[in-house]
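There are two complexes below, and they share chain A, which is joined by chain B in the first and by chain C in the second.
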Partner chain A sequence: MSEQETRYRSTRDLPSLHLLGTGTPMCAGCGGLEALHQIYDQLGERSLILNAAGCMTLLAVYPYTPFRGSWLYTAMASAPAGAQGARDALDILVAQGRLPPEEDLRVVVLTGDGSAYGMGLSATSGAIERGLDFLYIVYDNEGYANTGQQYSGATPHAALTATSRLGAGFPGEKKDLFAIWVAHRPAYAATVIGAEPLDLARKVEQALAIRGPKLLLALAPCPTGWDFDPQRTVEIGRLAVQTGVWPLKEYRDGQVVHTKVPRERKPVEDYLRTQGRFRHLFEPERQDALIAAWKARVGTYWASVET
Partner chain B sequence: MYRIRFHGRGGQGMKTASRILGSALFSTGFEVQDAPRYGAERRGAPIFAYVRASRAPIDERGVIQRPDLVLVADDSLIPVPAAGVLAGIDAHGLLLIRSAEPAERWRERLNAAARVIVLPITEPLLDRAALPQVGATCAGAAARLLGVVPAEALAAGIEAELGGLGARVVERNLAEAMAAYQAMAPLAGAVSEDGEIAATDYHPPDWVDLPFETARVSAPAIHAALTSELVDTGLWRSLRPEIDYDLCKGCWWVCSSLCPDGAIHVENGRPVIDYDHCKGCLVCLAVCPPHAISAHTEAVTPCAESS
Partner chain C sequence: MRRVLLTGNAAAAWGARLARVDYVPAFPITPQTEIIEALARWIDAGEMAARLVTLESEHSMITAAGAAAATGVRVFSATSSQGLLYGMEMLYTVAGWRVPWVLVNVSRGLSAPITLEPDHNDVLAARDSGFLQIHCAGCQEVLDSVLLAYRLAEDARVRLPVIVNLDGFYLSFTREPVSIPEPAEVDALLPPFDPQGLAFRAGAPLSQAVAVLGGGPYSYFRYQVQLAAQNALAVYDEIAADFAERFGRSHPAVEAYQCDDAEVVLVMMGSFATKARAAVDRLRDAGRPVGLLRPRLLRPFPAAACRRHLLGKRALAVIDQNLSPGQGGVLATELAAALYGRPGAPLLASFIGGLGGRDIPPEELFEIARVTEAAAERGETPPPRLLYTEAELRELRKLQTIAAVERDRRGPAP
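Right, the complex of A and B next:
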């Protein structure tokens, strides 16, 4: 987005009034909550959140809610289907004159990676295919963090999880959910991270201005599941961007644009070393092959971007 | 039967403590139950775990109501009603508090019938990486206070529970547990078993009968927004961030945007921390450009005491 088009020209333009309520049961230092509260600053009360089961189900435990507007809880695979129903119901109410158009609500799915990368994929694909006008927010903490960090479709290679504890960690590869969305040719898709609030604010602004299916995919550093001190959430988020592990990009008008390209990428090891889930790559013996595989994966990605 | 409760905060290893002690007692020949108890709360929130051990099969189920031994890993929990630290402890019981303050002061403060002892903390804990070892410390102290667990059984319990995390983790925890085991030597066997509890001993909770009301009256909050702010997640905090306004440059968009909980609001261009809801993750301290934020150990304020 060019500077002329955005309200957020510098960090000074970020919202100083925070709309999401405090007092939620998310862990201290939650990277997902950090991204959500920044997104909600722009979303506000005229929204209907459809929450797929996950950590953030706990945001609204009756009778407490941090939201100013509506919230609905669905099973893990069903949030996009719920969004379709909610959108249709709102459209009917408006068409029948029972809801003034200015009181219409924005329909928003809030989901973790367990649902977004796995169980909810089919329903999500269907909703995009139908051109549903909804915002789809993913807090990607790279595992089933709510139940103790079992691996999910978003778990990166070699990470230790509750279900991949031994030897070299998780043997699989992290799916590319951004690419899966882009393959559907949605209205908008972007990767974000709470540690980069300006980039995030511009993307939320962009997404809210477009009708149709829109993805905001937030990497969510998780002190509990990734094993690091809660105060390092932002540092680790910034490192994910600076090392090239988490590319910040957006898709619109048929084009993928990288919004923050690290001029000189920091070594991937700087990111891996911050987290207990990768400690076995360095202790007791250094696992050169696994580290080299990580470097190669990140290098290959950026080589394809830079040519 | 021995009935032991461990009280701490999520992340301090209370569940691990109950597992270690349970395994140690089991290998000594006891029948054992151990279980953690927590709700939707996360790291930092009050939790407890409990162990029953008996030479005969255990038919008792549920939370321990009348403990023989209560261990408190974090003395800031004692004034928190929701933590229920003192629940059911009578003259027969022993209360062990990890604290920087002497036992005499706790006896005066609590005026409890139970015997109160302190496991002294010499230095305030500013490195939370050491927090999980608090669990091993508590397990070691409990083992010696029971007087029926040999040191070898305690070591075997630690190996059984933590062996999967690597030799270094086992070594560190073993050192902490054995130090506490030695420290409690003068009080070996200070805890005595209590008898079976019969159904006739059961005292029903102090229920309050409420007349039936219409849903609109009995559940009015269901339509309310921002009710999560009624939850004081500030009670989760073990370290308190404080802003030095002489150093603060007023760049509120850094700390206020990056605080995961949105617990830093902006007043007259300056950031203000909401201590009712700040969970003490210390992200603000880590990101503050002029280093105007420092961390302070939460403790019971002495001024609250009367002479």
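Right, the complex of A and C next:
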């Protein structure tokens, strides 16, 4: 989005009224909640959130909720199908004149990476393929964090998790969910991070202006699962962008555009060193091969972008 | 009213059409697929004002159905067998949402081995889900039960989803004469869906199905489901009486045939009960005081109505078209629970038959009656019997011989 098209030209333009309630049971320093706060400021109360099982299922615990709008917890695998049923029902009611258009709601899925990258992928693919008008928010903390950070399809290479505790860490590679979405040719897809509020606000603004399936994929630094001090969430988020580990980009009109290209990428080690899950790459002795593989992966990605 | 020949599947589709359902989330599976094909055809032709969406699984289909009902529209869907089990998590979930809608299940045996033909293990796997269950024995009953199911589900004292069950092949693909009521008559029976203020609206934010902490709140909401399901017994009787008055067709919670003076009563659910009914006629011709009891409601279980018909009889032969391995028949245990410790409780003999569409021919029903009478004479409850004939075993041995030859011909695995 060009600066002319957005109402968010600088951080001064960001919403000053915050809509999501505080005092939730999320962990201190939760990067997912950081992103959700900002997204919800624009999304607002005229929304129905279909939630998939994950950390944020505990945002609404009877009889409390931090949301001003509506909420329906579904299951781990089928939140997008819940969005389908709700969207279709609202459309039917409006078409029949049984629901005034001003009572209509935005339909939103809120899911962690465990569902988004794995169990919920089939339902998500189906919803995109059907052209469902919904916003799909992923807080990607790169593991099954709610159950104690076992590795998931979103876990990056070499990370220590509760199920890859020893040796070189997780042997697999992080799945490219953004590319999976883009392969479906959705209305919109974007990666975001709570530590870059202006970029995030513009993308939420963009997503809310378009009908159809829309992805907001937020990397969610997780103090509990990644093993860092909660006060470093913002710093680690910024490092993820500055080191090129988490590329900020969006897909619209058939094109992928990088929205914040680091002019000079900081060394990947700067990001890895901040987190206990990668400490074994540096202590007790430096694992040059693993670090080199990380650098190569990030370098290859940006080489393909910059050419 | 028109009287036409309809399959059980077509009757189910007519039920949904006459109920003026708004939304049909769908997924194909044999032997149910004709139902959603018929609805899709009517919707495409403009004969029915509804929206049909094919989801990518039954798990999603049931989620979409529940979410749409929670948003305030009338929802219908249909499935079978593996599909019902694939969606099982969501059956429990949407029942907990207390959303009224109707799901037709066309019964089919469960894998493994995979088969297309019917028995009741699929629908009985949903027994404890919170869905109410109506079991049909004929095509007219299928159409009527879909209408009854909406009235029952949407009643403010109930607000639970309902499964209407019919047997694959024996009903799904069998044509029977069916009276199709006039839409206006159905409208009088079934007013438009009133979500009673429980629906998602921008102006009235609502959180549904949120997490609870601790057993106290959890138990409270689960007990609410139990109380609603219990309410459904009396509500069902009211609705069935209203239906009988309007349409002249009686669909009681428990259908009793020749039970009043019977000494031995056969108990069965679903379309195979029509075989038992014919056998009762033959046995009566031979002077044997045998009757038939067919529960149409499985959930809520009409225990009092069963007791009313069964206490004081000499013996029951419960014929289960399902198998709970390590226990036996599900209906037998349901009846045993209803009768236990009651004065005049009859001896209960349990038989398993009709699995995967296996027939229960008249001779077997006569034999069941004879074995049960003999057990009553001795006063000894026999162990559950698995119906299988020597001829069937011979046929199976042939198949095994062919399988062995084929295996040997290929030689040992490398």
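Rule of thumb we're sticking to: the second predicted complex is superposed on the first by the 307 of 307 C-alpha atoms of A that agree within 3 Å, B and C clash if a C-alpha of one lies under 4 Å from a C-alpha of the other, contacts with A are read in each partner's own complex, and residues count from 1 in each chain.
The rule we apply is simple: contacts are C-beta pairs under 8 Å (C-beta built on N, C-alpha and C of every residue); 3 or more make two chains touch, one makes a residue touch a chain.
Just so it is clear, the structure is predicted and the values come from calculations on it, not from any experiment.
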Which of chain B and chain C A:283 touches, first, second, both or neither: first
Partner chain(s) touched by A:65 [first = chain B, second = chain C, both, neither]: both
Contacts of A:31 with chain B and chain C, given as first, second, both or neither: first
Touching partner for A:45 - first (chain B), second (chain C), both, neither: both
Which of chain B and chain C A:172 touches, first, second, both or neither: neither
Which superposed partner A:212 touches (first chain B, second chain C, both, neither): neither
Touching partner for A:267 - first (chain B), second (chain C), both, neither: neither
Which of chain B and chain C A:233 touches, first, second, both or neither: first
Those residues of chain A which chain B touches in one complex and chain C touches in the other: 45, 58, 60-62, 65, 67-69
Chain B-facing residues of chain A, complex: 11-12, 14-18, 20-31, 33-34, 37-38, 45, 58-69, 165, 194-195, 197, 223-224, 229-235, 283-284
Chain A-touching residues of chain C, taken from the complex the two chains share: 22-23, 25, 51, 53, 55-57, 59-61, 63-73, 75, 89-90, 93, 97, 200-203, 205-213, 217
Touching residues (chain side chain B, partner chain A) in the complex: 10-11, 40-45, 128-129, 164, 166-168, 219, 221-222, 224-233, 236-237, 251-254, 256-263, 265-266, 274, 276-277, 279-283, 285-287
Chain A to chain C touching residues, read off their complex: 45-46, 48, 50, 57-58, 60-62, 65, 67-75, 77-86, 88-93, 96, 98-99, 102-105, 122-123, 125-126, 129-130
